[in-house]
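Pasting in a structure now, in structure tokens, and then I'll have a few things to ask.
By written order: A, B, C, D and E. Residues from 1 in each chain.
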Amino acid sequence: MGLHSHRRQTEKVGSAPGTLFDLPVQAPSRLWAVHYDAEDITEYPEVDLETAFQAITPDGVTWIHVQGEPDRQLLDQMGEIFGLHGLALEDVQSMVQRPKIDVYKEQVFAILNLPCWKGDEIQLEQFNLFIGAGYVLSIHAGDEDIVQVLRQRMLKSRTRLRTHGTDYLFYALMDLIIDQAFPLLESFGEEVEDLEEALLERPSRELLSNIYRQKRNLMLLRRQLWPTREVVNKLIRGIDYGDFFEPELQPYLQDLYDHTVHIMDLLETYRDIVASMLDVYLSSVSNRLNDIMRVLTMFSTTFIPLTFIVGVYGMNFGNNTQSPWAMPELRLYYGYPIVWAVMLLIAVGMFIFFRRKGWLGGVDRH
Amino acid sequence: MGLHSHRRQTEKVGSAPGTLFDLPVQAPSRLWAVHYDAEDITEYPEVDLETAFQAITPDGVTWIHVQGEPDRQLLDQMGEIFGLHGLALEDVQSMVQRPKIDVYKEQVFAILNLPCWKGDEIQLEQFNLFIGAGYVLSIHAGDEDIVQVLRQRMLKSRTRLRTHGTDYLFYALMDLIIDQAFPLLESFGEEVEDLEEALLERPSRELLSNIYRQKRNLMLLRRQLWPTREVVNKLIRGIDYGDFFEPELQPYLQDLYDHTVHIMDLLETYRDIVASMLDVYLSSVSNRLNDIMRVLTMFSTTFIPLTFIVGVYGMNFGNNTQSPWAMPELRLYYGYPIVWAVMLLIAVGMFIFFRRKGWLGGVDRH
Amino acid sequence: MGLHSHRRQTEKVGSAPGTLFDLPVQAPSRLWAVHYDAEDITEYPEVDLETAFQAITPDGVTWIHVQGEPDRQLLDQMGEIFGLHGLALEDVQSMVQRPKIDVYKEQVFAILNLPCWKGDEIQLEQFNLFIGAGYVLSIHAGDEDIVQVLRQRMLKSRTRLRTHGTDYLFYALMDLIIDQAFPLLESFGEEVEDLEEALLERPSRELLSNIYRQKRNLMLLRRQLWPTREVVNKLIRGIDYGDFFEPELQPYLQDLYDHTVHIMDLLETYRDIVASMLDVYLSSVSNRLNDIMRVLTMFSTTFIPLTFIVGVYGMNFGNNTQSPWAMPELRLYYGYPIVWAVMLLIAVGMFIFFRRKGWLGGVDRH
Amino acid sequence: MGLHSHRRQTEKVGSAPGTLFDLPVQAPSRLWAVHYDAEDITEYPEVDLETAFQAITPDGVTWIHVQGEPDRQLLDQMGEIFGLHGLALEDVQSMVQRPKIDVYKEQVFAILNLPCWKGDEIQLEQFNLFIGAGYVLSIHAGDEDIVQVLRQRMLKSRTRLRTHGTDYLFYALMDLIIDQAFPLLESFGEEVEDLEEALLERPSRELLSNIYRQKRNLMLLRRQLWPTREVVNKLIRGIDYGDFFEPELQPYLQDLYDHTVHIMDLLETYRDIVASMLDVYLSSVSNRLNDIMRVLTMFSTTFIPLTFIVGVYGMNFGNNTQSPWAMPELRLYYGYPIVWAVMLLIAVGMFIFFRRKGWLGGVDRH
Amino acid sequence: MGLHSHRRQTEKVGSAPGTLFDLPVQAPSRLWAVHYDAEDITEYPEVDLETAFQAITPDGVTWIHVQGEPDRQLLDQMGEIFGLHGLALEDVQSMVQRPKIDVYKEQVFAILNLPCWKGDEIQLEQFNLFIGAGYVLSIHAGDEDIVQVLRQRMLKSRTRLRTHGTDYLFYALMDLIIDQAFPLLESFGEEVEDLEEALLERPSRELLSNIYRQKRNLMLLRRQLWPTREVVNKLIRGIDYGDFFEPELQPYLQDLYDHTVHIMDLLETYRDIVASMLDVYLSSVSNRLNDIMRVLTMFSTTFIPLTFIVGVYGMNFGNNTQSPWAMPELRLYYGYPIVWAVMLLIAVGMFIFFRRKGWLGGVDRH
């Protein structure tokens, strides 16, 4: 999830609100529709907007889905045929919106963001939902056809979807999109646990950049998903939306709200964990380095008095053969082995001293 | 408490809301019931759901308890016989819900989480509570039969339980579950105090991982228990629940609310303490290491001028016997002892200097 | 203030709410009462509960005070004679409650916590207050008789207390308890200032543990006193309490509320100060250690080239008397003094270099 | 964005509220106006205030724009001719206001802050907006004529602007000013990404000061832009403003509100990222330095026993030719090569030891 | 601003609320009054309270000002003559109150805190304001006569003050006191900028204590000024105060509120900046020290192999003239210069190695 996602917003500064642009579209969008009621279901694969619009009946439900980024022509058509508000169409095109729900006279318009991994990064795909009299219009500016699970369920059997109205379909689509966060968070949880394990045992530089990367991903994800909760909450409280939503939907919306709260909980938990990992990382790296330095320093320190002693007997006072004070040790019969013995004693003594003080494995084994 | 607790949620993405699954169940669940009023009490050990349902009377209280994770068949039965909502049953099965309370037309449904130690980790067991006309249905997806203390009290004597209705039983069950947090927090408190003691005296690497582990446990526990408070609060404010709850219950619910607040207070306190322990740990480790390094460095530093001096008299200028300037010290009668004396003086001088500066025990004893 | 203060809560898990226990009581409680109106005042030192209850008149004020932890028998008596609610009595006995105010039909019940130093630790003593028709019942589970200042004032002269009703007495007792926090915070403030002074000048290990201890004390104190504010606020807003409280009390309660806010302000301020002290401690310790290490390292570094030089002239090339290249320096007439001069030059040069770079007192004197 | 932006506020302390001053103005302001309705449009370039005022008609829209800081005379004129409130004029002059919206009897007054880069720093220019009966008066205390894009759009074609009233023009101006934050944040995002890249690879001292500078810029920017959101929110909720604003404007204001929320989101995200960069910087610098120190220390440590050994054979015990114990190694035929071999073995041994322990590239490559 | 400012509060614990004390007063207070309406103005310099009270008329405005801390006698008089509430008078005397506004039957009472530098510390002087029927009574417990600017403006010309009632005078006094924070914050801003400059270039120990001191000052100042905002907000919302305040004052109060928000904004900004300075200080000090240590370590490391080499040729194997293996290098014609050459090569080689690795100026110049 890059930081430049607001570029389109930048390019439009100064233009009139509700203006559509001739933006290049990566791939042509595909359009299909389905019309159903409790008895019948008709599928319109690869349909044009005009035909789909004519399929709308007051009693049945017509679901029109656009897969891929719609081009300007299609958006203009939508504005004309369905009477969609210019600001809503502008939001569909800009593709950088926060999740939100807007109520217009003839339709309700919701934006959700669908998180998905693109390699190592998390990307958000905008999912637009319109509900109007007798129809639901969904626009998914992404490649993967994630709504087909719903369509297939609908075609295969007479599920609850078939016996409910447009509001239930609207809800079912929101439920589908919002629940996509669970597998994503599952994989997050696994990565966090991997990091945790590495943290205390093998603190490495890569670990640092991994922790940082996950922290950043979580920050961006949290800020994008947070408004989702508000969207669902607005729907629950939304008495104004009464024309399109039946009171029977309340328990389902409440359930959906619980899902969003659950997702936020998980995100917060991961964020807290990753945040405290950075602190522990610092401690852990510093513990490990300290171990190395301490051992090496103690090794060096042991040799310092020994090196001093051999230096003493490297002095040339012994050349003065007149003086009995001139390094008599050099003339001792057992001088050399005695010096070795003294040095050995010093080394062993220091080792014992270090051990007693608990400095050898001091910090980490006590 | 692992981070994967939402796995079941993940597997269900894309399925219709309110769908039950044929999930494997670890152990078969056991079902018993009890019917009582102020005069009589009848126990139905090992009963089936149908029989239990027929025991319900408008005046008495019927308590049906399921110990262990219910399988799909039992859940379907519950839906049919008691008219429980599909979303509620789905929540019972998923076992990863946050504490919540949902009001359906014919029953009120509450979920609580029962924290318990599994070895070194904290696990949460879901406890489900339904209250309907004349009955309370409790489902505890765990091994230990914690409600038997209530059943025994009920059977042994005519306690207040016997003279009150379903709402008091519902409350008594919530009180029992919520109060389970106290012994758990007690053991937490003890562990925190142990950590505190070790912190300033023996900062070790294990201590770091212990602090981190407790911090993580507290974070997860807090996020799971927090909604409990909201559940009780909702009950207190809940005028809609009037059909099942009498106004006389208010002081008891208030008391229950005080318990949840008390638990949250303890959790917050532990969290704050553990958080500041991490800071102090860093200081403490660094203090300890600094002590070692400082002593060793001072020891080494003392030897440095001495080693230089013995190096000086290891130079071979004395071989030049023509020059009176060629290391005349070597030819002094007391040259060697004088050098020793000078070196001793330097060592003592440096020791005094270090002591005066307060560097010997500098940082920690001032 | 230990972390185990909720032990009694733990022991009661699973028992019926509102149950009293035969808990051991440290010292027998003493009971006295006073009955007064604007004209008369009668004191009943060492009275029993029954007699005290009979002293209650509709017009006068009867104040009954229990000093010390009440035993079960006394609590049972209170329940019977005064009609106190079982949950309230349970709270009196448990002695680990957060400050709160509960409204029962026949009385209002408030709990306050009285902070006091026990040696080095802060302890909280529970102070219970009941107000009913014509009486105030106060129970202080502690040793020191802090309410006697009020009793003496009452007996000595016709203060405002005498001309007001039970509500003013209730208020005066709350005011007395809450204001006990001021001397405590005063001593806190003094200790914090001592810590501050030591912080920048003499950062020691004891200081670290002192800062940590104070931080912990403040955290616990804050969490215990925080609800006090809510208690007073509830009283101010409390239209339901109208039976026992006159509107004339409003300005006094507002004044009391200002006191609690003032106390919280002081606590927050100390907490912020102590929190930032930990950061500064780290900087300060590290500054001090760095000074030591830097000076020692520079001292050592100065000797390194000198030791190298004396090593050079300790080489035995000079033994080769055939070669004019074999250490001709050794054969120079002024060789030895020249070497000394060179070494002196190097030492002085390095000293000047260090000084110029600002490394000698670099970090701390710039 | 300096910290002294409140200097004018300082100089006015003690003066009467609503007082205007004879402040020096950097450059004379320019004034132009435009009057339009759905059919006609008349431009008044370089007009005086009196003439502009007379152009106002009840049906059309008159837009008067002041480019540059207005001097006192102009402000006084505005007060007289348009009946603007003294406090509003004082705010226009002070140029250090937070964004706000004030409702006076005859006009609504809004202040927005226009952020723009001045070299390396972010500056805020105050943009004042008055809406009254039939006119919009905008005052931009800056150099760059950013509203000309609007004027040109208006003159060129019959855009939506032309068919709407003063409220839409007011909205369009706010939209223009608020959207100026997008390109600014875009450039911020790019800089943050540059910092991120440098962070883990090349942590330098300049990077530290860059991170600090950006953090500070973000703090100041956030605090200045935050109230903008409140301004728009007030407009949306503002039933009192009904005289000047039509209900049809609601979706546009909602859209504007979404923009401000989006901007705040971006600011918060950048702030969080920059904040955690400081932590990672510390880790990264310390990792890098540790690598250097560890390698050098290991290099030194390897030489320590070798130097000891050569010191041993520099001792002069061998001069004592009487004793067979006097360094017999010196008299060995292969003594010298054996010593070299031993030293080589030690060096290789230590290298292998370090490698096994993972100390060579220990911290960063594991 | 010391931490003992609540000492008077401590001394009063246990006394009856609303009790005045015979506290020692540092300097006698001075009292003057002024009575004015749109036509006339009469000044009463050095007046007594009784006379001032008699100057009050229903139509005109009487302003009585007490400069300096009032003694008990004066306070008692105020209570009697003006009917001020005992709790208000107690607050005037205690001088440690948080800013607040209290509504009594016959007057409204406000407390503001006036911040001013006393040497290096920030002190707060309490400013008390009473508004009643026809009069404003202000008490400033400080030395400097800051209200004289208002009095002079009033006497000199017929300003807006003269044509408005008591409420406008009350507002003008609050405006004057609150705006005193601007010059103070200006000087704060300057000091913060000085600290910032020093931070990255010359991190010293004094800087640390300066940062800490400013942080502490800001914490205390913020906590004292924060309630000011609430005071003004209460006035704006205050429908109860209708007897003393006219609706025409609303825009002025709103303007005042904007000032307090502005002040809080500045305080928050400084606090955030100072907080992040502490982090950067740590980085900066550690960067600087690391530079020193790294250079010195590299210098030492270069000499280590050289010292080893000269040690090698200090060995006495060469004395063994029988063996050709006994240090033949010593007997080489160019042995000595070759050794020097080798050592020079090693030194240069290591220098190049360090440079390539970027270790020489590694951390700070890359």
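One rule holds in what follows: a residue touches a chain if its C-beta (ideal position, glycine included) is under 8 Å from a C-beta of that chain, and two chains touch if they have at least 3 such contacts.
This is a predicted model, so every value here is computed, not measured.
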item: Same-residue or different-residue interface between chain A and chain D, half as cut-off; value: different
item: Distance from chain E to chain A - Cα centre to Cα centre, in angstrom; value: 40
item: Chain C and chain E, separation of their C-alpha mean positions in angstrom; value: 25
item: Residue numbers of chain D (touch at least two other chains); value: 282, 286, 293, 300, 307, 311, 314-316, 327
item: Ring path (origin chain A; first step to chain D); value: A, D, E, C, B
item: In the complex, chain E residues that touch chain D; value: 149-150, 153, 159-161, 172, 175-176, 179-180, 182-183, 185-186, 189-190, 192-193, 200, 251-252, 254-255, 258-259, 261-262, 265-266, 268-270, 272-273, 276, 279-280, 282-284, 286-287, 290, 293-294, 297-298, 300-301, 304-305, 307-308, 311-312, 314-317, 319-320, 322-323, 325-327, 357, 359, 362-366
item: Complex interface listing, chain B residues touching chain A; value: 2-4, 6-7, 9-10, 12-14, 16-18, 85, 87, 96-98, 100, 102, 104, 202-205, 208-209, 212, 215-216, 219-220, 223, 278, 281-282, 285-286, 288-289, 292-293, 296, 299-300, 303, 306-307, 310-311, 313-316, 318, 327, 330-337, 339
